[in-house]
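Consider the two complexes below, in which subunit A is the common component and subunit B and subunit C are the respective partners.
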Partner chain A sequence: MTATSPGDHAPRMIDQIDQEFGKAERKRRLYTALFIAATLFVMVGGFGIAEDMNSGSFIGGLHKFFDYPANIVAESFEAGWGWYPLLLHFAPALIETVNMAAVGTILGGVLALVLAFCSTRGLGVWPPLIPICRRFMDGARAFPELILALFLIFVLGASPVPAIIAVAFHTAGALGKQFSEVNENIDRGPLDGLAAAGANWTQRMRYGVLPQVLPNYTSYLLMRFEINIRASAILGFVGAGGIGQELRKAIGWTQGAETSALFVLLFLAIVAIDQISSTLRRRLTGDGVGHV
Partner chain B sequence: MLDFKSVSKRFGSVTAVDRVTLRVEEGEMLGIIGRSGAGKSTLLKMTNRLSDPTSGEIAYGGRSVSALKGKDLLAWRRDCAMIFQQFNLVPRLDVLTNVMLGRLNGLGTLKSVFKLFSDEDRRDALRALDRLDIAQTALQQAGTLSGGQQQRVAIARALVQRPRIILADEPIASLDPLNAKLVMDALQRINREEGLTVICNLHTLDTARQYCRRIVGMRKGALVFEGAPEDLTKDAARDIYGAGEEFDEATTSTSLGSSPGADAAASGTAAVPAESERPRVVGL
Partner chain C sequence: MTTASATTLGTDEIDRRFAAVLARSRRQIFWPVGLALGVLVYLVYAWIAFDMTSLVQQSRFDRAAILALDSFAYKVHVTEDLRDAGAPLEISIEGARQGGFREDPDWVVRTETGAAVDLGDGYRAVIEGRTLTLTGPGLDGPVEARVLEDGTVEATGSRPDWVKVNDRRFEARPTLFQRVRITRTRIELHRYFVGWENFWFDYDSPYHGMGLMQAWAYAGSQPQIEEGISNRALIFSNFWTNKEWQHGDVFKALLETILMALLGTLVASIVGLPLAFLAARNFNPVMASRMAVRRVFDFLRGIDMLVWSLIFIRAFGLGPLTGIMAIAFTDTGTLGKLFSEAIENIDGKQVDGVKSTGASPVQRYRFGVIPQILPIFVAQSLYYLESNTRSATIIGALGAGGIGLKLVETLRTGVDWENTFYIILLTIAVVIAMDIFSGWLRRKLITDA
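So, the complex of A and B:
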């Protein structure tokens, strides 16, 4: 909208803009190169460490890898009709895992919401708060749930609580980042309109931002819920309860039928939840009147 | 009475508004014209403090607007409703809610979080929509309305703000001629019937002449013209737009039905051929 006739700008200004742009572009390329180099370094290093730690070589141990599933399948067939009640038997464990994931996702989601609003530029938050929140989210995201859960289980004892805290913490970082990206891409028009009507900060966020971002927020939240179900199952292995813990017992005691029942249960649950959430997500991001 | 006292605004090395001194009387309908980048929008935004002047002062009724803070600032913004070129409604919300948003300033934060507007707010919003002939769209999603309808929703929202001043920033720039006329007529009616002061940025000379009793021209941030519609001659316009002999008034026209004033001043201005191909709504 600010078209100016040619010659309005001194050539000097165009040069300056060109230079600034070039500088930014070089920096971007340098960072990309550094990033690729770092990624390669970590990958190569990781392989080396894994190779050293395995007593045999990776290829050498490969045949043992297939013995185990064969064993599980055989034992499941031996169980016959007795296999099916196992699904029911382990259902409470599955529910516990889903619960851990749900509570962790909701707690983390609330924290993410606050963090996202406090880390988005141009929404009128106290500026020093922005980098603080961003660094906090980076930290929370960088901590894998497993490490945090191990530490918390050590401190608080084995129960679902450490797992929930671990999941919530990681979720706050991961979702907060995604939420704040959504915030940054909003149309600022409604915000101006509300400001001009004398709306205060909360009101501007409520009506100028929320209706725009809520569909995407929900979509990300559902996605994170799916991820967290897997994470909670894994955390069960380190003593957080739920289906993971049952699975570890079954595997540890080489109970083939129980192991396969747990795998099937987990698989079915994940497929079902993925289906439901992707249907919901598709519906949310489509255009409809947002009654928010 | 709104007083601009040597108001300036700088963005880095750009002087967007340059020592503007201007007095706007109560109940006046003032047009501001000038080419793109002249500082029209910046001047309006400083009026309701969406932006702050670098120097100078703006006063309303003898009280400085520049010093307002917190609740007083929000109340001042409610007092001068703003109409934007891009409407700036909340597209995903229905029209009625959008209009009621004009009442946020009087509504508590907690109530507004749960969208608890009063029955009176709703009735007023509907009445405002009815005045603008778009009450039938009340339950539609605002984003699905046509531009002209959206702008009238924005005017309805401005009305329920119960403002003293309406600041309109190129309210018809993205509308077709028919809708442009509807919107300008609505603003004019509000100005006449309610006695509200209307300050309107326009980039079409004929619209300014037709609707505004006083017109000021801005060029590179400074006021370079002030006068009645009939004072805005071709030469005056050329000066405001900083153009040479090639200046053709038709290039600033929205092809609204022309007013007597426009006829007088625009006489001798042959429309360029491309202009005649644009939709023309005459005699509305």
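So, the complex of A and C:
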């Protein structure tokens, strides 16, 4: 904006505003056009490259898209009543996956709690610790779980434990960041009040911070649990046990009925936990929470 | 509290006056204690269910140490073949047949009957015929090992705890950086060096053994090394086609992974937006169609990226297209749901304001609705772009291709752990770069809008 003195004539001012506005508008339009052009370019170019790199083509594969699901459905119908016991047969595998996710979430959550408190300013933590904890969380978040799980499977052998450690590690980073964001946004009043009443550090945290952050913490924890169930299922695929491993076997041996039973089980589990946790979350915080 | 009284209250008095408050706070204590106990019991159950005790016994932590060492170091083998007395001493990197040296390194001195080898850290080994003498710090005397004519292996002299010996085998590992191994057929010495061998150029390259700067200088000083290509271009092409590190392939795989994440998210957000309007209460008054769209979102989300990628691999084969479709399908569900929630939460007054100026329905959307949801649209899409970079690695490893598959391949062979480590580093670098890029773009777009 150009500065205008009160003595200026009104018509000139409007002209000027009009001009400025037009300029800004043109600039904005240019940016929008550029952005759309860039998006289109990435889309067209990217799909071109992807099509080239892919071993099968898009058009060629399109008709095959329904083949595999159709096969599975057909084989499941062939199995007839024998299909339902399969659900029961694979239930232990599902329980193992849920257990993997739960233990990973608990261990990661405890670590996240510690990290979150260590990376929040103004809670009386030794200041040099703050950036260290933050960088550690960034690293833990960026590290793909799968890589850690594969490495640990190599060392510890194929079992659910490598997956749990990998999930816990990633959870510590992801939850730690969300927790520390909650910590940053608390009302400092109660803390000052408690300090004035002579409360020590533990008491200040217990009565000043925890009541404020607990609903959000629980909500984030539940959301992470949900994500971790999917992650544990995927890690099973590389040898960590649970439903993922069964799925890999079933797909590898092209057992349609088993595969569909596992798909259904996984789908039901994810939807059920999705529903339960979103109901609980809504009750705790009043509305949904963001995504990291 | 409320009034400032002159008398101070005794503990009993406080108990009596605030009995209700205190009782409640005592009751509240049971909650966390109970919860903590429950979690503890659950963890004990998990410990038993996952059979942790036997796992701890079975785990191979020595493997971890070797892997860790291999990720930043390489070893040079010095091998004496005992079956063929006339055979010369072999010196090679990682024992590879073509990994020979143009001339002997200065820490190996050949003698008439064997060799004197400096293993580093003060350890020295002397091979004389079929006998090996090892000296080093912390030893009372030399360790001697020999292979007798009948093929049995025996050791004499001092016997530190890092020496393992039986009739058929002698094994010594004073530190992680030296290793001596004797069997009936050969004496093998390993010396470890920190670094990644042949990272820039492989054995076939005329630049083998040089660093990048060194090769650049060398290229400038030499006449044309290979016909039809300039020396400097040859540097790049040799680096790019390095057989051991496969820089070109790794780069291509990285590009594939980024493509998957970028295009998958782009398609998901572009398809998700119009569908989100159909799923929003304030834009689609027809309950049945609204519910139908929402169930489609749930279905897409619920099936999970893993399963989608398996289905698409069958249809489209290996490659980025499969990954793109898997990400696009899953995230159309997720983003569609998020967008529809954002659309339901817009401020109606702004739309009314635009309407009151006589705006057409299209203008009402353009100026009343879009500005309100655009920041959320951009922010959520970019958040998902970030997390999809990680996801693309994972579904890639399950078979969709890209850097994930490359990683699993090198891990499965298990020989060149440093290659795996290199790919891990690159993957993490890409994930972090994506993180920073999307954060930067988000700030830029949202504050400018």
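A few points about this structure:
The working rule: the second predicted complex is superposed on the first by the 222 of 292 C-alpha atoms of A that agree within 3 Å, B and C clash if a C-alpha of one lies under 4 Å from a C-alpha of the other, contacts with A are read in each partner's own complex, and residues count from 1 in each chain.
In the analysis below, a contact is a pair of C-beta atoms (placed from the backbone, for glycine too) under 8 Å apart; a residue touches a chain by one contact, two chains touch by 3 or more.
Because the structure is a prediction, the values reported are computed rather than measured.
Contact with subunit B, but none with subunit C, is seen for A:Q212 once the two complexes are overlaid on the shared chain. Of the two partner chains, subunit C is the only one that A:F237 touches; subunit B does not reach it. Of the two partner chains placed around the shared chain by superposition, subunit C is the only one that A:P160 touches, whereas subunit B remains out of contact. Subunit A is touched at more residues by one of its partners, and among subunit B and subunit C that partner is C. By the touch criterion defined above, A:T279 reaches neither subunit B nor subunit C.
Once the two complexes are laid over each other on the shared chain, residue contacts for A:I251 go to subunit C alone; subunit B is not touched.
Residues 292 of subunit A touch subunit B in one complex and subunit C in the other.
The touching residues of subunit B, counted against subunit A in their complex, run 36-37, 48, 50, 74-82, 84, 86-94, 101-102, 104-105, 107, 109, 112-113, 141, 154, 157, 161, 167.
Those residues of subunit A lying in contact with subunit B across their complex are 1-4, 187, 189-190, 192-200, 202-203, 206-208, 211-212, 289-290, 292. Subunit A contributes residues 39, 42-43, 46-47, 49-51, 53-58, 61-62, 64-65, 67-69, 96, 99, 102-103, 106, 138, 142-147, 150-151, 154-157, 159-161, 164, 230, 233-234, 237-238, 244, 251, 263, 266-267, 270-271, 274, 288, 291-292 to its touches with subunit C in the complex. Remark: subunit C residues 39, 42-43, 46, 49-52, 55, 58-61, 63-64, 67, 252, 255-256, 259-260, 262-263, 266-267, 298, 302-307, 310-312, 314-322, 324, 338, 341, 380, 383-384, 387, 390, 393-394, 397-398, 401, 404, 407-408, 411, 414, 424, 427-428, 431-432, 435 touch subunit A in the complex.
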